[in-house]
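Chains here go by letter, A, B, C and D, matching the order in which they are written, and residues are numbered from 1 within each.
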Amino acid sequence: MIDKIRPDAAATVDGVHDGAVVAIGGFGQAGVPVDLIDALCERDVRDLHVIANNGGQGLPGERGIGRLLRENRVRRFSCSFPVNPAFFERYFSGEVEIELVPQGTLAERLRAGGAGLGGFYTPTAAGTLLADGGFVVRYREHGEPEKLLPRKESRVIDGRTYVFESPLRPDFALVKAHRADRYGNLRFRFGARNFNPLAAMAARTTIAQADHVDHTGTLDPDDVHLPGPFVDHVVATALELAR
Amino acid sequence: MIDKIRPDAAATVDGVHDGAVVAIGGFGQAGVPVDLIDALCERDVRDLHVIANNGGQGLPGERGIGRLLRENRVRRFSCSFPVNPAFFERYFSGEVEIELVPQGTLAERLRAGGAGLGGFYTPTAAGTLLADGGFVVRYREHGEPEKLLPRKESRVIDGRTYVFESPLRPDFALVKAHRADRYGNLRFRFGARNFNPLAAMAARTTIAQADHVDHTGTLDPDDVHLPGPFVDHVVATALELAR
Amino acid sequence: MTAGLSRAQLARRVADDLEDGWCVNVGIGAPLLLPEQPTPGKEILYHCEHGLLGVGPAPAGEPDPDVTDAGKNPVTLLDGAASFDSSLSFAIARGGRLDLCVLGALQVGENGDLANWLVPGGNPGVGGAMDLAVGARRVWVMMTHLDKRGNPKLRKRCTFPLTGRGVVDRVYTDLAVFEFVDGVLTLRECAPGVTPEDLVPLTEATYRIDLQTRGVPA
Amino acid sequence: MTAGLSRAQLARRVADDLEDGWCVNVGIGAPLLLPEQPTPGKEILYHCEHGLLGVGPAPAGEPDPDVTDAGKNPVTLLDGAASFDSSLSFAIARGGRLDLCVLGALQVGENGDLANWLVPGGNPGVGGAMDLAVGARRVWVMMTHLDKRGNPKLRKRCTFPLTGRGVVDRVYTDLAVFEFVDGVLTLRECAPGVTPEDLVPLTEATYRIDLQTRGVPA
């Protein structure tokens, strides 16, 4: 019998090790798997390479990515919009390395990883600092650049310049869904979908928290936003546990 | 006001010209836009480059792709599984050219076109006749090969061989949906989804037939399988008109 | 000079040029004011980069945390709205299905270059701007004419890192409207109380003057 | 020799080796018989390439034209079923989320090569086989031991155009079960009434013999 429902968040993040590459869904406050991130922090996991769109500013109680950054659990951050003082402080002091990726490219790289592709060409960022190289990936302690982004491969296709981008294959994904069933089928709600299905597709192991976990019934096949084979563990969020 | 609903199938295919590249959804009998194809045939459009997964065998009344082939409207057929005597006859006699594409690659090439990407690398077909070249694209009248598939570019990434595949950008897509609203938002039913959303994404102009067209209400945002900006014209299928 | 449009007036001015049925992405900053503008007789589908379409003004009542714009402000979903993941959202953008995107800017070059993501030495954050700039059918910029230090933002060449090369179609500032006509930056309109002469010292870029008479809405 | 499994018995034999919870793609031909097999105590999620998951046996009543397997035969949707487009379907395959795919074959090489899409000079049609062959975690072949002309299908090298190189993990024929063990083709089991000696003239490929004793289900 297939049953991916776990009793609590701690049980789901048990395998996440120091140094792991972890993709995390969410955009702003919408669709951030805060319970899973809390569970990760409570396990005291460190040296993570986090892949997430935002720096996590503005979440109630500064939960989410902000907490991971504030507790210095992140060594490398792949993101498009890391706006959060907790990040910038650590970036300019050399504590955290950045891989700044245009948002659409970040989404597509996760999808490419999930789809088993070797990479793709996108017109995005062609002729900019994020493709031509030179952007500061890491500072030294004293604020001088230590590591610069190398120039990316580009190619002219039908007269237009495209940049080569490689797939992302994180070890783990932490995602937040609205509904889940025991097969791991997920359904999201409005803007909370964002990067969640993509992170789940890309990762070798995907952990989902869901507001509503159906222990007996299942989602209608046409209502599934992300099918179960992309999901390994499901846990109900505190929201549901509280009821 | 946005209203993409058209009165009949003929009104939707009016712009499809001789020689056009037309992607068509469907797998077997499921999700084939038969009314739109009939309308195309009635306009007597010729020399089409058709992109569709199947040869269209088995549809009641041999409608669908089979009709296009039988009426000699197709000069080039991009597909993965062209099984249909109407096709093979014309292929071996040199009347129709084939671009045989593995099914997953065909799906991904349409998606890449729709997503504005320049191409991608896939492990599929590496080391086979469909990547190394030599497959017969076109025969002469007398059954000798006239045109062979050239060798595709390949690249070793992390020790694995990948093949470069280019995006497909058809002029038109003909798709079949289950539900549609005036914004062109579409919802599909079970296995009838298949290539329909991908064809719609890829095309410059997308024409959809839907079993249920909602003239006043709209789909729930989370129930939309393909958002309206990818769809230009919507028509109710005969099914609904008959009621 | 104290003439010039407020942020809300600028949004009103841009909204006035939108066409019925357009699918329009609104970037962070001033463009987020667009869905607040009524567009009588025109139905506009606003697109938010993370995966929403059909976004409307801020809610009158309780905000829904799952319904926000690209700036994470609460918005509403209108008729015809759709939700999807971020890869489909950017497929809409790069795939050419956005009639328009409206972006803020730090600098715009007279060659159409756009710089809007990084002040050298400042905090980096690119978001979806680079995808939108290359993907949308039209790119309009909505910005103040001068930066906070009083420097012109319309430049001969951008000195800040670029978002996209030659991508801008129009520039709406608090003082004027410019359009790239056959690749040439062209002054189209001055804000009420602003004369073409006023703009000369405030604009580093070279531009043609070819004014279009049209009333600025009240 | 008249011994050997029927198609249904072969499906039964393969079904017996499936593991609880596996996500299994079934290709056209004999593998389509798998969802018809009961698997007591094991829940198998069958995947169909065009975009269905959780497929079950043919319906007892009226077939639903939107619910078919990869061979376009009517099937049913079981608990946990999901539908999606063909690009996501092949993302499941290439992305390594299929525990297994079961494919028919024209030839299998002793090096694990698979040929299953074209008899030279015949009608071409590749479908999803090449994607499945490179993407699934395990590839099992289900085929007759000999082709229609009586030629061995297990070859030193495939002579027909390849579907994938070195991709096959196991081969189930009407006469025997073979497994690639550390890359070496190995005879694991003979069908009832078949001896290893019987196989020698019927098998062109070189193989080791390392029989595993297990009962073939009735």
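Everything that follows uses one rule, which is that a contact is a pair of C-beta atoms (placed from the backbone, for glycine too) under 8 Å apart; a residue touches a chain by one contact, two chains touch by 3 or more.
Note that the coordinates shown come from a computational prediction; the quantities given were computed from them, not determined experimentally.
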{"item": "Minimum number of chain-to-chain contact steps, chain B to chain C", "value": "1"}
{"item": "Cα-centroid distance, chain C relative to chain D, in whole angstrom", "value": "56"}
{"item": "Centre distance in Å when chain A and chain D are each reduced to the mean of their C-alpha atoms", "value": "36"}
{"item": "Geometric centre distance via CA averages, chain C-chain A, whole Å", "value": "28"}
{"item": "Junction residues of chain D - those touching two or more other chains", "value": "52, 77, 83-84, 87, 90, 93-94, 134-135"}
{"item": "Sequence positions of chain B contacting 2 or more other chains", "value": "108, 111, 115-117, 122-123, 188-190, 221-222, 225"}
{"item": "Chain-level touch network, classified as line, ring, star, complete or other", "value": "other"}
{"item": "Every chain pair in contact, whichever chains are involved", "value": "A-B, A-C, A-D, B-C, B-D"}
{"item": "Of all residues in chain A, those that touch chain C in their complex", "value": "27-31, 53, 55, 58, 80-83, 88, 98, 100-108, 110-111, 122-130, 135, 188-198, 225"}
{"item": "Residues on chain D engaged by chain B in the complex (per definition of touch)", "value": "48-52, 64-68, 72, 77, 83-87, 89-90, 93-94, 118, 123-131, 134-135, 161-165"}
{"item": "List of chain B residues in touch with chain A within their complex", "value": "108, 112, 115-123, 155, 157-158, 160, 162, 166, 187-190, 221-223, 225"}
{"item": "Of chain D, residues touching chain A in the complex", "value": "20-21, 23, 43, 45, 47, 52-54, 77, 79-84, 87-88, 90-98, 134-135"}
{"item": "Contacting residues of chain A [partner chain D, same complex]", "value": "1-2, 111, 113-117, 181-183, 185, 201, 218-219, 221-222, 224, 227-230"}
